[in-house]
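Naming follows writing order (A, B, C and D), and every chain is counted from residue 1.
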Amino acid sequence: MSLLEIKNISKSFGSNKVLSNISIFLEKGEIHSFIGENGAGKSTLMKIIGGIYQADSGQFLINGKEVHMQNPMDAFREGIGIVHQELSVADNMTVAQNVFVNREPTNALGFIKWKQLNEDTVTEFKKIGIDIKPDTLVKTLSVGMQQVVEIVKVLSRDVKILILDEPTSALSDKEISNLFELLLKLKESGTLVIFISHKLKEIKQISDRVSVLRDGNFIGTLEKDEMEESTIIRMMVGREIDNLYPPKAKSRDGEIVLETRRLTRNEKYLDVSLKIKKGEITGMFGLVGSGRTEFAYSLFGADGVDGGEILLNGRPVRLKSPKMAIRYGIGYLSEDRKRTGLFVGMDVKDNVVASSLDFIMAKLGFLDDKKSEQVTEEYIGQLEIRPSNCSSLTVRSLSGGNQQKVLLAKWLAAKPEVLIVDEPTRGVDVGAKCKIHSILRALADSGIAIIMISSELPEILGLSDQVAVMHEGRLITVLENDGLTEETVLAHAFLKGGDNQ
Amino acid sequence: MQKRKRRIPVSGRSITLIIIIALVFGVISIIKGELFYSLTNISNVFSNLSYDLLLACGMTFVLILGGIDLSVGSVLAFVGIVITMLLNRGLNVALAIVIGLAVAVLAGAINGVIVSKFNVAPFVATLAMMSSLRGACYVLTSGFFVVGLPDSYVAIGRGYTLGIPNKIIISIAIMIFLGIISTRSRVFKQMFYVGQNANAAYLSGISSARTIILGYAMCSLLAGVAAILMTSSFAMGQASFGTGFEMRAIAAAVIGGASMNGGEGNFVGTALGVILVALVNNVFIMFNGSPNWSTAISGIMLLVAVAFDLIRTRKRGESV
Amino acid sequence: MKKLFAILLALVMVMPMAACGGSGNGNAGGTSNAGDSIEEELYSMIVFTKGAEYFNWCYAGMRDAAVTIGSHISVELQGPAEWDASLEARSVEQVLAKKPNGVVVSCADEATLVPVINKAVEGGTPVICFDSDSPDSDRLAYVGTNNFDFGAVAGKAIVEAIGTEGEVAIILVPGAVSMEERAQGCVDYLAEHAPNIKVSYLNDEGDVAKAEQVTSALLQSNPAIKAVFSTHGYGAPGAAAAARNLNKTDDVTIIGSDYDSATIELLKAGDVDGTVIDDPYLLGYQAFMLVYAAAHPTEVQSGNPPFGHVPAIIYGNCSLLTGDVLEDPAAAAKYENPPKI
Amino acid sequence: MKKKNENILKVFSKINLHYLVLTFLIIVMAISMSMHSRYFLTITNIEVMVNTFIMEAIMALGMTMVIISGGTDISVSGVLPFTAIIFAKLMLQNVPIIVAMLVALAASGVIGLINNELRRILKIHPMVVTMAVQLTLRGLNLAITNGSVISGFSAGFQKISEFRLFGLSVPILVYIILAVVFYVFSKNHKSFLSVYFVGGNKEASAFSGMNTECVLRWVFIINALLAGLAGILSTTVYNSASYSFGQNAEMRVITAVAIGGTSLTHGGNGSIAGTLLGTLFMALIYNSFVMSGISTYYQDVFTGAMLIIAVLLSEGTRIVKEKSFKQALGDS
């Protein structure tokens, strides 16, 4: 008898059906992955299991007996813990308060026992080999650490069923490997771990079985031995995708567009000297906190510079604001599309033209509506943004992949010479991922210099012509990508990086 | 049909309002007959609205930016007093007006700077401006009316052009101006971006600070214009002018479809909101409602109006 | 950064404190020859809706009366800007903490200030009510206008203007006792002398623009309205504007209250047909004299110490001020140059 | 790691800095006032000073809670007179005082509930909702009293206003108790912690199995209850109840809270301790102006300036942070 049995679960929001008759058996002590394109219904399914949404029909059986979960509290009682895709920590509170939110150790009168609270927190973190000050304010932690807090928060309840919805998207490889060790431990102790990720590699590495969803339907479950990337992808997208990555740049002798000389931002990065060539994609690999995003911010004028200089086409430039950077032909596709990328409440057209308003001006500060209309339609076509008539739909109503495309369109519309893309495919399904990769390559071929920041090594290797490795605020090395292997890059990242400490 | 949607800035809300207003008009005309047909009456209703209209439109700017401006009432009073005092000292009318408007813009800009640069809650920032300026009014006048204004100035508010009260002409002119802005202007567009997501706006090369300051300045500027209309048509400046107007303005704008969370709002809606509120008050008086209740009415009005949002928000809630 | 803030703050704090040097205390300006030996005395006037022109006149009267006594007397005007009885009670309390030699107060409502007035009198600080009374309190005396008579004057004016037929609108702020009494007085007079006249009420929240809105709304919806009586100063200008918009200036008789400069201008322009006035200046003057007397008891034998044979309740009379009176510059002078405060 | 520690220090220093400067200012003011007026430091004046701001002080406690939870409540200035009137009317019906109080309080609690439900159902910013409720209530108060003041209670009732314990009047005693309770709870109690959570990240709190709506409901109810309490106390103090009570009280209250360093921009930031200071500061300002005899016309100007400066101060460290956009994002 399986620990968790999902029986014909269906769910629809208003008119559109997100889940139809999902039925899966999940066993005690296994790590079971779910994979599927964005909008395939993974997260919805998890939210239903977690008691945040209620299914329209169908039932859950835990150890064979049916359970009804009206709210997260019920789910917790059933021993179900869920780590959400979007951060759900309160950053105005301390780590300890977050970990034990709503179940703080209190005395009879509901007054909190701070000492115990903090001690418990420390021990919880010890379990995954991290020591942390329990009274640290969460807002002062890196995104990665915040994610860890989130995970610890769930783990600290003794959960029978642990759901992780893309827990690794913000984590550094080190944190990921810690997490995986932990998951294996939990598995040993008989916990059912449900794991959701877009990274096939991770899934193969960690899971015993993987179930694939497509457009709200259950496609099938694969055992460990039958997990072939190609198979999984076929099941996900319903078609073959041969050759995940587009070909490299034809030539590597484009002239240098952007150059930094000993660029320094105190406490962020130090002495970064880098040459960016026309027509090339420069992959920038580094862990979260390695200073890569901060470096990008400086290049984009969103953050200051304390030392060194930036040369654009040979001429030194002072970039005081993104506005200025855009004028100079620099674009930055930010890593967090919801918070710093898109205007989710406004329609696609408005989002596409957001950073190129200056280009679509008629006269006297008036906008040329027709033109912005054209521009939008053009990119909707070029990037295959779905639905294709979306130019006046709110971005909120699009799927994650399409939102990311809109974000990309925003920057294409700005006609940059240099385009910095930060985690361009985070939380994007395979189909969209390929599309974005080929677009980036196409852009490069059209003569744009692209800097791609990513913590997905395969992506870096697959796409970029030269790889810049950053570690703890230093540019360790820049490698020409001729058949680079993950090992070499990692070696640089850690071994060399290690020396600098 | 997308085209139409873009060309005319009429939201679904506006249509609801038009219907309601039409109904009210109809009912009154049936019950009371002729009244609302006579031109003088209509024009008169509108000329009485001009102050509220201007303030509410100004407020719309700020609400779109995701802010709020409690200081409009005080700005109105203060500008009015500055202008009238200058005129009283025999200053040239045009010059006095220019100075007055400059003061208004300055006040707004200060609000904007405090909000954008120093990241202070708009409520607090403008609350401070509100009490400071109101205090300043009394400091300047110690409560006395400022009178003895030149006829040329008084004519602005009292006079007629082609048989239409100047107040209306000016308000309509401004409304047209705002209409154009709201369809085409880049800066206005940028206000929506900032109101929606300030960080994303910044990273899209929109200087949020400048936009916000501009928005608040616009808001105060319109309050300044209202001050001119008011002081000139009453031929006096007074420290208590515009008390409590800010709430009326916010109410009208919200009724018109502006959202307190920013990124939403349009002038057509706001104008309709103003008209609706005034209309209800008129009806109330028309049927000799007890004056004791008239305050309560506006409150209930606002509640009923925001209740319209229920449907819209429900819609939105689904597309998570 | 932080230092800067601290310094900034300190400055802002200290400046006005430094400026305190009795700037507000309308020190009774006279030459100081009288007051070297005599100790300073402070008398406070406390009002609601501080800043209303009417009370400025009262204060002017008090101040000038103080001058006649000598330069050792200083007076001050205190009170909330809001029409809030509880706030006024608070400012009375605060003033008492300064141990003034006497207090004159116009009460926002007759009940709320009773405790604090009684407390003051117990504590030996004489209290005189003016303009708006608090009869149940231990206040020593009251100087004011009978608001019913005040209203009656308006009623009389209206009947003279429109005869005994037609409808009348009365502008007031509900809850303002003095206004409601004035309205009542007017209604009573009409009921007696012109029973056919129908009366309706308007609430203008004490705001000119609002007054314009409500009046014009009424004038439109009800053409039978022949006259408008505003029970407070701001109503008349609003009503006048409304009439002007509707070109009804000549058909509608507008009677205002008090003689603030705006109303005076409208009187001269003929937009307002008359305004009922009492004499706030005199009220203030008498109130001060009474409170001073109370603070300096005399040997005069009377049934009414310490006021000698001055009655403890004085009603000033009220009259109708019309445009033609103002044509005489001598008469106009007083109204056209309000006292500076 | 080093960077983190610095940030933590920053945050702590921010809190301390704000309170320190505030205390410093209060002292500066007190000293300069006592030098200016010999009556300033008298027992009477201090009692008066407290009395004159006591109602706002009581409401400020609740308002702090509301603002921390990420909302605002404009309606208090309507609730105060509303409750006072109900209470007074009941007293005139010779209803036993306890019953009258409970009924009146219940009424105010209901208003709080209404506020919250409207906010929840209409999904409208609490400010607009409470603004509407305030207008409605003020109108209602006018209508049910016809604008006339309610008074003439039994002699026994008047005793309440004369009651003293250790020379402290009833409102002050009530306030002291409330202040202590709020302070302790805000520091150490689960319930208040959840208010901070909801203000900080509503969704997260919900995911953590917290019933956020329930929390908010109680926040609004408690706030309304305090306003109601203030109304009842006003009635006892002034022996009367009038629709005119509590005009613009919400502005004075919010000002006090904001000066106390509770942020209206970012829910979940602020503290009762700050509000206590802010309240004291405001009381001091109001008193100082009457004491010093400066025309109270300057008072509004001054309060406005102080408000801005205080808030700038509490946001001060943020301004520094603003320079680095990364952290600016963290704040928003």
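Here are some notes:
Assume a contact is a pair of C-beta atoms (placed from the backbone, for glycine too) under 8 Å apart; a residue touches a chain by one contact, two chains touch by 3 or more.
Only a predicted model underlies this, so the values are computations on that prediction, with no experimental measurement involved.
Common neighbours of chain A and chain C (chains touching each): B, D.
The chain with its Cα centroid farthest from the Cα centroid of chain B is A.
Taking each chain's centre as the mean of its C-alpha atoms, chain A lies 43 Å from chain D.
Distance between chain B and chain C, defined via averaged C-alpha coordinates, is recorded as 33 Å.
With centres defined as mean CA coordinates, chain D is found 30 Å away from chain B.
Each of the following residues of chain D touches two or more other chains: 142, 146-147, 295, 297-298, 300, 302, 305, 312, 319, 325, 329, 331-332. The set of chain B residues touching two or more other chains comprises 138, 142, 199, 202, 290, 292, 294-295.
In chain A, 302, 339-340 are the positions where the chain touches two or more neighbouring chains simultaneously. Interface note: chains touch in the pairs A-B, A-D, B-C, B-D, C-D.
Contacts from chain D toward chain B in the complex involve residues 72, 118, 121-125, 127-129, 131-140, 142-143, 146-147, 251, 254-255, 258, 263-265, 295, 297-305, 307-308, 311-312, 315, 318-319, 322, 325, 328-329, 331-332. For chain D in complex with chain C, the touching residues are 13, 17, 21, 24-25, 28-29, 32-33, 36-37, 39, 42, 44-45, 48-49, 51-52, 55, 142, 145-152, 158, 161, 234, 237-240, 242-248, 286-288, 290-298, 300, 302, 305-306, 309, 312-313, 316, 319-320. Interface residues of chain A facing chain D in the complex, by the touch rule stated above, are 50, 52, 71-73, 75-76, 82, 84, 86-93, 97, 101-102, 104, 106, 110-112, 114, 133, 136-137, 139-141, 153, 267, 293-294, 297, 302-304, 339-340. For chain D in complex with chain A, the touching residues are 3-4, 7-8, 11, 188-191, 193-194, 196-197, 199-201, 203-211, 266-269, 323-326, 329-332. Residue ranges of chain B in contact with chain C, taken from their complex: 32, 35, 40-41, 44-45, 47-48, 51, 138, 142-145, 147-148, 158, 165, 230, 233-236, 238-244, 278, 281-282, 285-286, 288, 290-292, 294-295.
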